[in-house]
């Protein structure tokens, strides 16, 4: 971390002392005169040529953002302007959002990157202006006449550098969109800008490598089927050791009732694996007839951060696999952007899923009418329904060693609208839950700072700054209520909040919601539990441990 | 922050809806008055002020009583008032707003209200009253809102608020003094022409306004579970007791001056109010009820231990509020007009329209108070 | 052109016009008065004149109310027939009502039976002008306490301040209470206060107040109190007179011979 | 500074054009009849074109910004306006944006305080100023109906009456005039004094503000200060409404400046950010239902993408899968 | 399908526009386009206090100023630039203008301006 991020006291000093327009210091320059500077920690490594080739993307080459010459392909200006033109035809949202902004500034201080960096171009309105200024120059006739009056500018290599910088300092979290009086969603603009950049080979390895992996092996991490199974089986062993219960997940099994898909981070990464153990315990507890696919082994979709086509391509596997296995419906694990894709895009892109049935919980009989078309249920909805119907034996005291707060992941909050279910579950599985301050939760939640494929190690500087508003909110509940556990329902959050907390709020752990469910579940035939899924001692259960010894 | 007032449970919205219904009645009634003129009220040539001005006078007192929490909290740093002080300030805001609305409702030509500012007349007490009331409204709203806003986001309030809050203390005294001067400076009205009127207003304000404040805190506790603290309430009850005693003492001195001097014109109004004059007895039962109720409430407050029982406290406070509302609102205003300068007696009775408008304005005041307190309680009880 | 225009008005505004005509229905047929130049043609010097009135109550006939009728007709004072909405500029009342603080024991029965005229006293120290928040009522250059109906906000503070009950409020639209209208003076609007103006509208035309003019007994003497040679001053100096409620220090300009 | 002065100078120059044109060149007919017609045509045609131009572009995905609980389990209270599930709920959402500026109501101001801590202050001034600005302008436009119709429509008459409630000046003082001028001042001042907004503001942001400000100011001048005879103005307006081409009567130059600036505003409207007036109704993040899991949304250009099928995958990993005990389709 | 949509999106507003135009045309035909009222012939404008044009635009200002100066200051005489003297009174105006009963209302109705003057003061309508 040290190499790519300033140490905390330096960053704090900078936030305290450096003048910025966030603090009301006027800038003496116009935004288009501000230079773009790439330095350690503020750019992601570009995709390796072999990855580009594997994906069939244009302009594979070795380059770095710090290079003077980015080796853009011949005629790149034309590629960009034609790319933009065709996308304007395809998306009303893009055209409308480029046209209707009045620059009222309501969004200005809503972006976590702006709050963390103080960089004016991180005000969502200016981020969009980066593209808008070029659009205005190339498109509507009248504005062309009024050039210089409307802030139009030419498309130059400098502009591309600026795009690369700032459209990769946007996590498509949509917080700005919430406050915009016209609902202008910078995410829509960032999505298109990143598509355009990909057209001329300006890209991000941390996004494209997982995309290539996912295409080939079925998941972002590139885990091949046998390793995938081994990983889960080692979790099964851990679970047996901790609880004395043998859970029995099945793989690629035809005829199961439910296909379970979760981000591969839950299978491979710490602390996601504990969440996975939670799922396995839960499914065992209720005796769910489910299977896990090694082919559709990824819930997340980095295609979403690449291009519309790529998103569709990666997503197509879910329905394809569900049809092949003949399941009735799909259950999805905890993930942020996975659910944005499933909720808002999947059925449109790869539906209709006529071969599936409207999901019905086999335990409670609840029909998930809200998933009648997609046929895919969110695990939090599923579990909340179980708890509400009293189908789970829970002992919230088992989470007494944790004082929790809940982080709404941006996609689940503003791209799906799920707020109550996870809170309901959390209140049922643990006894101490405190909300963070009101302007930082629910629909106003702050991004972890590393979403949308920016979770790269070399990007640590920007990530720690972008996560600052979230970390600051956690700090407040930590000081006020001694909160030490940040619960979330997003795989990227689990991966990215962990270093963020280590950086800003050491001592705060990051947990998946179903990890806490797994802790609290009282399983039939289990042995005396004294440790949570992380093998940390539970509070208040030590006596039992002594007895056993 | 006001968005907090837009979130509430079923009871909250039912309360808001019923207030809105009453406001609608009030608007309808006012519309009638605006169209047909003030003839639709009970006022007339001889009793030319009535219910509206009575409510106004009473509510100025309610507004002024905010200092009874501001002084101990900000001047003497008594922490037990920390939760009550915002309620006092917001009550002052709502009460001042009602005062202004009652003045407006009483005006024959509300469309010309801006004339007061366009042709400022420093020799007129009304001009000063409009100034101090608007000022008090702004001071309390701004200071209360700012302090609450700072508390909501967990930061210290900006430094400019302190002077504004200190300013509110003499300002509170001024609103009631100027209001008393409205009456006390008129040559032909013997009931009002007394130097003790301003101090009497202040005493009754600190008794009735503070009682109302105690009642509001009790209602909040009942409805939201937000408790401003027993200690604060009991301290306020002490203030109520002494202010009440001073108030009744001053009423007594008025009686002495009038009846011992035996000047007929000085006695007439008091005779009309308390004993009836020339066959007119309309207000006599009300005035005695007020007097006995007020004294009874004071006795309850003075009895040991009764203050700490919420029920007794609520009863005594309600008693004092009603007593002073009758005495200072209705009695004082009507008593000033009867007998008239020509020694004629004309009884006054509010009409339904007048009562409708009055209820409407009270409902507006309660609505504003509810919204403000909803915000305050939401902020104060946030995690 | 004109015809077209009228045609248009007829088509578009018949309703509005009808309304206006209806409201004017109570107006008798008459022609407007010729424009007359005022009795003085310069801006008056403040304080030079102070108009006053002396009422010789001995001459006043109990059954006569010519002055009241004339005044109220000339100034379009409405009559609604009830006390509550009553508007009056000048009226007759008993001794103990007009002089409540001067009632003494054992008055002659003559005085007790006599009726007394009451009207605005046009006080030199008027409490009403002090109370008015907009200077809608003010003391003019010639001592008349005047009302500016265009500025009055209808707060009725002047009514509370007036110790003589001389002020009336338009509780309702006064035009409804005018049976016979005069063109010499405008009507008032609902919601403003009005009172005797000492016929400032007539003074400007060189006429004396309507009440004084109409009195068959010539009981009312009007004149300049600042002019020692004026009739009123001569009478004041040769008679024992009194003012209403002199103890209040309002210095009324209306005097009574009892 | 330049980006403020240039639009200001532009508005002044436009006013000067009308002044010179009418006062010296006597082009009353051009400024009173020709230009207003041209501007109206440009406005209507341009506005419709821009709307149509948006409408013909598809909305491939259902992307509402969800600001409240979606419809899920029956016992979970959902938020029908912030996360609309039915069309009328989405319509209510759009209307709440259009009429009440719902999203701006949420506005906060981030404060970076000492010791690197953030606080979010409730900040509704922009909401209030914007609301005051738009509503007062709407009222002003509607009550101008008295110039455009021989018989004034009832609601415009009512608005006129309510707007001139206060009996202050002659001719009657309009409350909306004061509010509009105040709001414009606030919006300009905000662009100038707020460091963030100053940076994002372009000349195109100041220009319409100054233009509208100029129009209102001249209107106020005409009504309360200079005083024009409104008879020929109404003649002209009625004629314009009837598509006549008679030369206008004697009207003060100020009126022509007022009319010319309005014409410029009308013509400029479809070319500029002012089109947000139409755009707000079409915003896909606000006008779509959040029910994409329940009802299928169709993308008219849904591309046909070849994805890696299971059989291709199995072909690659068959041996490894078999070793791991995974079932395979082909042996 | 898409073409239909396009036609609909352009066609509908166009239709609406056409309907609006038709409506205005129609309403225009119903009433002949009225002109500003001509100066009433019966008025001898040389005797008026000012030029007709000035009075048309500023009569309210004149009346307002007259009222203030006469009622509050006793300044009752107005001397016009050509030396004629008038009493500052609405009656001065109506002395001439009452011959046309629609004198005020012609324009005031045309412009839909309803001041409160006539609530108290006589209008030409109220003369025989």
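Residue numbering begins at 1 within each chain, and the chains themselves are lettered A, B, C, D and E in the order written.
Convention: contacts are C-beta pairs under 8 Å (C-beta built on N, C-alpha and C of every residue); 3 or more make two chains touch, one makes a residue touch a chain.
Please read all numbers here as calculations on a predicted model, not as lab measurements.
Enquirer: For the chains other than chain D, what are the connected groups under the touch definition?
Expert: Ignoring chain D, everything left is still one piece.
Enquirer: Which chains sit in contact with both members of the pair chain B and chain E?
Expert: C, D
Enquirer: Between A-D and B-C, which chain pair is linked by the larger number of C-beta contacts?
Expert: More contacting C-beta pairs are found at A-D.
Enquirer: Could you name the chain whose CA centroid falls nearest to the centroid of all protein CA atoms?
Expert: Closest chain centre to the overall C-alpha centroid: D.
Enquirer: Using mean C-alpha positions as chain centres, tell me how far chain A is from chain C in Å, no decimals.
Expert: Computed from C-alpha means, the inter-chain centre distance equals 84 Å.
Enquirer: Taking each chain's centre as its mean C-alpha position, how far apart are chain C and chain E in Å?
Expert: About 34 Å, centre to centre.
Enquirer: Centroid from C-alpha atoms only, then distance chain A to chain E, rounded to Å. What do you get?
Expert: 67
Enquirer: Show the residues in chain E shared as contacts by 2 or more other chains, in ascending order.
Expert: 31, 34-35, 37, 110, 116
Enquirer: Can you list the chain A residues in contact with two or more other chains?
Expert: Only 437, 439, 476 qualify.
Enquirer: Which residues of chain B are in contact with two or more other chains?
Expert: Within chain B, the residues that touch at least two other chains are 109, 112-113, 115, 118, 152-154.
Enquirer: Report the residues of chain E in contact with chain D in the complex, numbered from low to high.
Expert: 1-2, 5-6, 9-10, 13-14, 17, 24-25, 28, 31, 33-37, 53, 56-58, 60-61, 63-64, 107, 110-113, 115-116
Enquirer: In their shared complex, at which residues does chain D touch chain B?
Expert: Going through chain D, the ones touching chain B are 105-106, 111, 113, 119-122, 124, 165-168.
Enquirer: Could you list, by residue number, the parts of chain B that touch chain A in their complex?
Expert: 152-154, 382-383
Enquirer: Spell out the part of chain E that touches chain C in their complex, as residue ranges.
Expert: Contact set of chain E toward chain C: 31-32, 34-35, 37-38, 67, 71-77, 85-87, 89, 91-92, 94-95, 98, 102, 105-106, 109-110, 116, 118-123, 125-128.
Enquirer: Quick one: in the complex, what on chain D touches chain E?
Expert: 44, 48, 51-52, 55-56, 146-147, 150, 152, 157, 160, 167, 170-172, 227-232, 234-235, 238-239, 241-244, 249-250, 252, 300
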